[in-house]
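What follows are several structures.
What follows is a pair of complexes built around subunit A, which joins subunit B in one and subunit C in the other.
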Partner chain A sequence: MSSASQDTRLESQGPVLSGPDPVSTVRVDAPAKSDWNNPRLARNLFLWPALIVVLILAIFPLIASLVLALSKVSLVKGGFKIDFVGLTNFRTLFLGSERTHVLGQAGTPTLVGWLVFLGGTALLLVAFVRTVRSRKIRPLGLIGRAVGGLLLVLLLWSVATTVLGSGGRPGTLMVTIVYAFSGTLLTYLLGLGLAVLTTQRLRGQRFFRIVFLVPLMITPVGVAYMFRMLTDTEKGPITPLWRAAGLSDFTLLGDPWGARLAVIISDVWQWTPFMFIVLLAALEGRDLETEEAATVDGASKARIFLNITMPALIPVSATVILIRLIEAFKIIDLPNVLTNGGPGTATESLTLQSFISWRGFDLGSSAAIAYTLLVVVTMVGIGYATFIIRRTHSMV
Partner chain B sequence: MAIGRRRWLGVLPALALVVGATGVAAQSPSTGEYDGVTVNVVTFSGPPIAEPLERYAVEFEAATGATINITKYPFSDLYSKALADVATGTNSFQLMTLAAPWVADFASAGYAADLTDKIANDPEIAWDDIMPFFRDIVAQYAGKVVGVPIDGDFTMTYYRTDILGADGVAPPKTWDEYLQIAEKYDGKDLNGDGVPDYGSCISKARSGVGTWLFNGVLSSFVQTMGTGQGTFFGDDMTPLINNEAMGAALDFWKTSMEFGPPDENNLDQQGGRDMFTSGRCALAIDWGDTGVLAIDPATSKVIDKVGAVQMPGSTNVLDRATGKLVPCDATICPNAIDGVNHAPFAAFGGWSAVVNAAADEKTQAAAYDFAAYVSNPTRSNIDVTHGVTGMNPYRLSQFGDNMANWVAAGFSEAAASSYLGAMKDSLDNPNMAVDLRILQSNNYTNVAEDQAISQFLAGELTKEEAMQQLFDKWQELTDSIGREVQAAAYAASLGVQR
Partner chain C sequence: MKNPLRKRTALDLSPPAKVAGYASLIVWAIIVLFPIYWLVITSLKLPIQVAAGPFYIPGIDFTPTFDNWHYILVDRFSDTVRPFANTIIVALCSSTLALILGSSGAYALVRFHYRPRIGVIAIWIVVILGTFVAVALGAPWPLAVVAAIAVLLILLQTVGKRFKRTLANSDVSFWLISQRMMPPVAVVIPIYVLFQTIGMLDTLPALIVTYTAANLAIVVWLMRDYFLSIPLDLEESASVDGASSFRTFRSIILPISRPGLVATWILVLVFSWNEYLLALFLSSANAQTMPVMVAAQNSTRGPEWWYMSVLILLMIIPVIILAVVLERFIASGALRGAVKG
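After this line comes the complex of A and B, so read on.
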């Protein structure tokens, strides 16, 4: 078959997105419009501008900050100079003077710490053995899972020694992880609860839907100042309540875990509406026929929610949790305003640590911390996408 | 030194009228001299310092034809914003108001214009009226004038004259006495509102000003032989922060928290000032700002109830050879007063206006003239008497016997004498301690030291761990920047030849 006859056949079938040579189809049938209808031209016209923008705004800064992370920036007459120092900045962070700042101080695991570590490690081991036995995995995937599993074991050990260890304290990396996971979990549970509530036939349903969204509209700095006032037992708006409760000599922000709790509470307050609005949309868009059938069959509301409603929400939940998790890793406004990272370094996140280094014009360290965060977020994101999102989609 | 936000908005119009009236009458550059010239000024988000700059910008524009744009950043961001601007060659700002310790970074890299000739030929600045410390040490780098002082800074100890006076208690001369007095009044109602108050209020929040206040304690344990000896490093740039003197200062810092508000380690500068002026504290450590804020009828409950003394001292001081504390005697403490070594700390050193060397000549001239206009004694002598300006005394004419401005501002003569006397005692003390002014001073004190002290207060580090961490970090910074370079800068900052 000649190409001309093939093109004619394809043309007669209407719009074609794939085929032996769709480009030539256009050339033959619409020579007058060839310039504008040419998919190659369209591809160049629409793709390259976007690609250039991405290159300028994302890739170039990424490369520039990598260069900074491997360099020392110093001031010289009339400008500055960048000296390549290899991995020195990373060495300082993980092996040098900043090691305990980033990784924390390891203590002796408490009983709970040992239980968390051993229990978690056992679960990971079981999961890994099952994966190997399933023989459905390629060698590269197996290596990836082995490395991922090893990192998770290290993470569990870090939790056991710094968070749950006697005499230990978490560094900025662990504090960031605590913020990210606790904040995401709590916002999801609260957002889901509120979404379910506002789908019930209650009075003032619309009013509450709007009210629940308000925290999301407020800038994080504003939220931080608000919680700073609320936690001020001396002169805040709820000082009389603190005094009535006999807590005028107590401050939540003076204790390391109290201050972290304050950051988490304010973060949850701010971000619950995000979960709420997405889950509300998912709840309202679900197919109700199955639930109605289950109701007719006499299933309890709890059982319907667990066995029908929740599975229907899983794809949306998996996605929204990933978005929130990535966002949560970058937390800076709240600890910066609420506590300045204190007391000590108790509430300092990786982003705040990077910002403090930048503020001191230590650009190399600042970039190295930022890259560390990038690696952590990427690994968590890939792991989440691999193990959670893929499975949740296969469940539906 | 003033960084926090203040509730002085009600005072602004009156101050503008008073200062404006005198300002207009003062010497001004000829009209139209800077037509078409734009000077972008960067400062921190006041009102302190920013308020007088904005007020005088209007006058200066009308008088000269120049356009003055004021850009404000939070204090914690100002250093990096200004430095990044000049280091990258962006040069958005032609005039930068900088803390004295930062000036070394700008001057050593050639970002700060040499103002020596301009000042020598400018009667407007009244250079000889600026106190020698601010004129010859703070304003200069490597023998050249690189900043126009617009503020003078010392930390002082404030006390409640009504409370202590009623009990016949003298203000503290040593840190031990400070703690004893703080303990005595802690938990007592000091302002008559029926709520227990505090013995001492000191801003110790991280990323705040606590490090400057702390170094005012440290200096009295470390520096004994006069200003040229220095507080922070030995001759070979070995940090003097891992010894019994530092340990004693840290002990004082932590113990004083027992008599302070529960959130003292998260108490920012303005919060500390508000606590004292609302009558909730018997003692406080701060710059000159608390003194002028205490006379504000809109916010102060302690008008004419505040006295000030130079920073207390210690009867035990550092033996630099052994790292141990030893009792003061005539040999090791030649400047001691009644056996107590005082080393009043010129914390921060005041705000200086630095002209960008990259600006063209005419713009540099306009930028300098604007700074000189602000600093002119006709204006600044009134500004220093008002807390909203954030300016503390730095000129001879602001001290002396001329109390008229201070009394007009609301001080009683006794309160003004106490306030100015404490500053004068500090400035006249031959053992006055100079703030750290070497390359990247900000990283030594506001980052590394701030973090170590904060971790110690929070219980994350023991005293020994905090000192070791800080010692290692300072050594690392010095090695990274260059030990010889830093040694030369340190010696220059102390005004000594080594």
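After this line comes the complex of A and C, so read on.
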């Protein structure tokens, strides 16, 4: 690829979600010439169909959902009626009877919990002070960072008291976050390892690559039922091992953390090929010149990987981790099918809780939970884009 | 036999590393293939053999039987074929539609200057919301739509021209792409009500349109990245020669972007194939798709593992064919432009 287009590619790559208008970056010496050649009709016809579909099936339903989240739906003779109740649904979820369901039961943090909480809070404070000192930030950005930082501290406290606390029980919000982050991290590491492995000069790479793609090809519901069969410690394939370990009085899916582990394992098994494909494509397309030179100079493979291969993979990795992270928050088929929400509500994710509310015809609560998930995903997405995408895509 | 004295490249491994490499590959291959193997032998087991504990090898541990396959494929042929056909139709149509709409939208966002006026947008939003409210309050919906169009035209001519502040391309792209962040569960209930109002529940077109909307964001995201890397020269010479933008798009851009288009199409196809939540809410009997049918094998006595295994295996076959095709694309480097880093 010529270096000219390389530059425009890098420049206009920018942060996906904001930044300089790509049109003005690309068309340096052709200002609006295309506009005169194309009648308005063409311009509109290209874009409007997509916009209309998204408007009707995504935006307006979203607004309607907000209305539902702020009201109480009840069955009356001949149909149902909707009463506006303001923030009652949200109050019930976060402060009222559903509080332990959503936010969990706080126990006392263990030593590890305290370490995580204090260490994390210290890091956030340092980062915040540095941002303030640098004076490169607008007031709005500062407020955003302060709010985000505060929420992160609350999150760390929640982790310390529920996940890493004795006597604590994480709620659906925490469980969803655990699923999303642990799943993404594990699938990324595995996918990266597999991609690197399959680009080495070994026999049968073609075969291995096809095999490694298989889990992604099974419908998620199918994967869920498959793992339900596999994690059955009474008649599944791991039964002999389970009994040999002396655990025949327990079932994996009957223990809260065992059930969550089963969900995470199934999720990782299914989504590793996604990371694998993307990273493989990136590795396949890379220029081996620098690495060849380094090999000739006698650098070890680990050195080459850390200093040459990994830096080149960072932009792709950042993008693909974002994609997977956002998808991972919406997990529903695995916890639903594997454990139906787990022993009690141990493996319930936010989407699953919303679905169960819908099934119980509590539409207001269902929409409120869905909106909570939307807010969480949006915050994670924007935070990630601000802090990571901007840095990784401008420093290649 | 490779020349043992050939120059070592960056991708060669020392013998111990080779052993470790092969071992890791084989271990993961087993991890991937064992669950599927379990699926296959479960489909060959009778209910009593499934309940009695784990049997691993057909012929030695237990006697395999083709009863389950016979039941699903022969006895219940129409019940099996209908969801299968539905899934194929919905996945193909929605991914093609999403590709067409999304890539033209992405191309437009990359090449044309848009300056949507905020006033106009606000008017559109208000009018359409008003229509929804009117319908919810009991007005017959054809009447409400006609009234909305009339009000819209009037307002656009008068008030819309007064507010001049505009947005830019990047705002529109951001908005389109951020749709991906939205959990479908947040919108599925109103969509259900929408289709129920116009009487299109449990129909294939309803599913196709909804899947298209759900996947449009990722098509725009990927294709926009792809189009940004195409140099302007070809299009400029085309426009100098007098080609309209449609012509340029159709005859020049699309053929060049084929790897990106195909990769995106396959991705969206797989997403649509596996979509569960939307199908669960929006279909019941006629438009039922495979994922929903697989999940429905859960009877009151517990999941019927033997039939479920057969159905899951049936669902895998077309997708595995697709995977082989996809692997060829990756190896030939054709996806290099599709996934940008």
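Definition applied: the second predicted complex is superposed on the first by the 343 of 396 C-alpha atoms of A that agree within 3 Å, B and C clash if a C-alpha of one lies under 4 Å from a C-alpha of the other, contacts with A are read in each partner's own complex, and residues count from 1 in each chain.
Please note the rule applied: a contact is a pair of C-beta atoms (placed from the backbone, for glycine too) under 8 Å apart; a residue touches a chain by one contact, two chains touch by 3 or more.
The shown structure was predicted, so the numbers you read here are calculated from the model rather than taken from an experiment.
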item: More subunit A residues in contact [subunit B versus subunit C]; value: C
item: Which superposed partner A:K72 touches (first subunit B, second subunit C, both, neither); value: first
item: Which of subunit B and subunit C A:F227 touches, first, second, both or neither; value: second
item: Contacts of A:D83 with subunit B and subunit C, given as first, second, both or neither; value: neither
item: Subunit B versus subunit C as contact partner of A:T345, first or second or both or neither; value: first
item: Contacts of A:W358 with subunit B and subunit C, given as first, second, both or neither; value: both
item: First (subunit B), second (subunit C), both or neither touched by A:A42; value: second
item: Shared contact residues on subunit A - subunit B and subunit C; value: 234-235, 358
item: Partner subunit A, residues of subunit C touching it in the complex; value: 8-13, 17-18, 21-22, 24-25, 28-29, 31-36, 38-39, 42, 50-54, 56, 101-102, 104-105, 107-114, 128-129, 132, 168-170, 172-174, 176-191, 193-194, 209-210, 212-214, 216-217, 220-221, 225, 228-229, 231-232, 235-236, 239, 244-246, 249, 270, 273-274, 276-277, 290-292, 294-295, 303, 305, 308, 311-312, 315-316, 319-320, 322-324, 326-327, 330-331, 333, 335-336, 338-341
item: In the complex with subunit C, residue positions of subunit A that touch it; value: 2, 4-5, 8-9, 12-13, 16-23, 26-27, 30, 32-35, 37-38, 42-43, 45-47, 49-51, 53-58, 60-65, 68, 190, 193-194, 197-204, 206, 208-222, 225-230, 234-237, 239-240, 269, 277-278, 280-282, 284-285, 288, 291-292, 294-295, 301, 304, 312-316, 319-320, 323, 326, 329-330, 332-333, 337, 350-351, 354-355, 358, 363, 366-367, 370-371, 373-374, 377-378, 381, 396
item: In the complex with subunit A, residue positions of subunit B that touch it; value: 76-77, 79-80, 83-84, 87-89, 105, 108-111, 195, 205-208, 261-263, 265-266, 274-275, 358, 439-440, 442-443, 446-447, 451, 454-461, 469, 472-473, 476, 480-481
item: Subunit B contact footprint on subunit A (complex, rising order); value: 72, 74-80, 92, 96-97, 101, 105, 169, 232-235, 243, 248-251, 253-254, 256, 339-346, 356-362
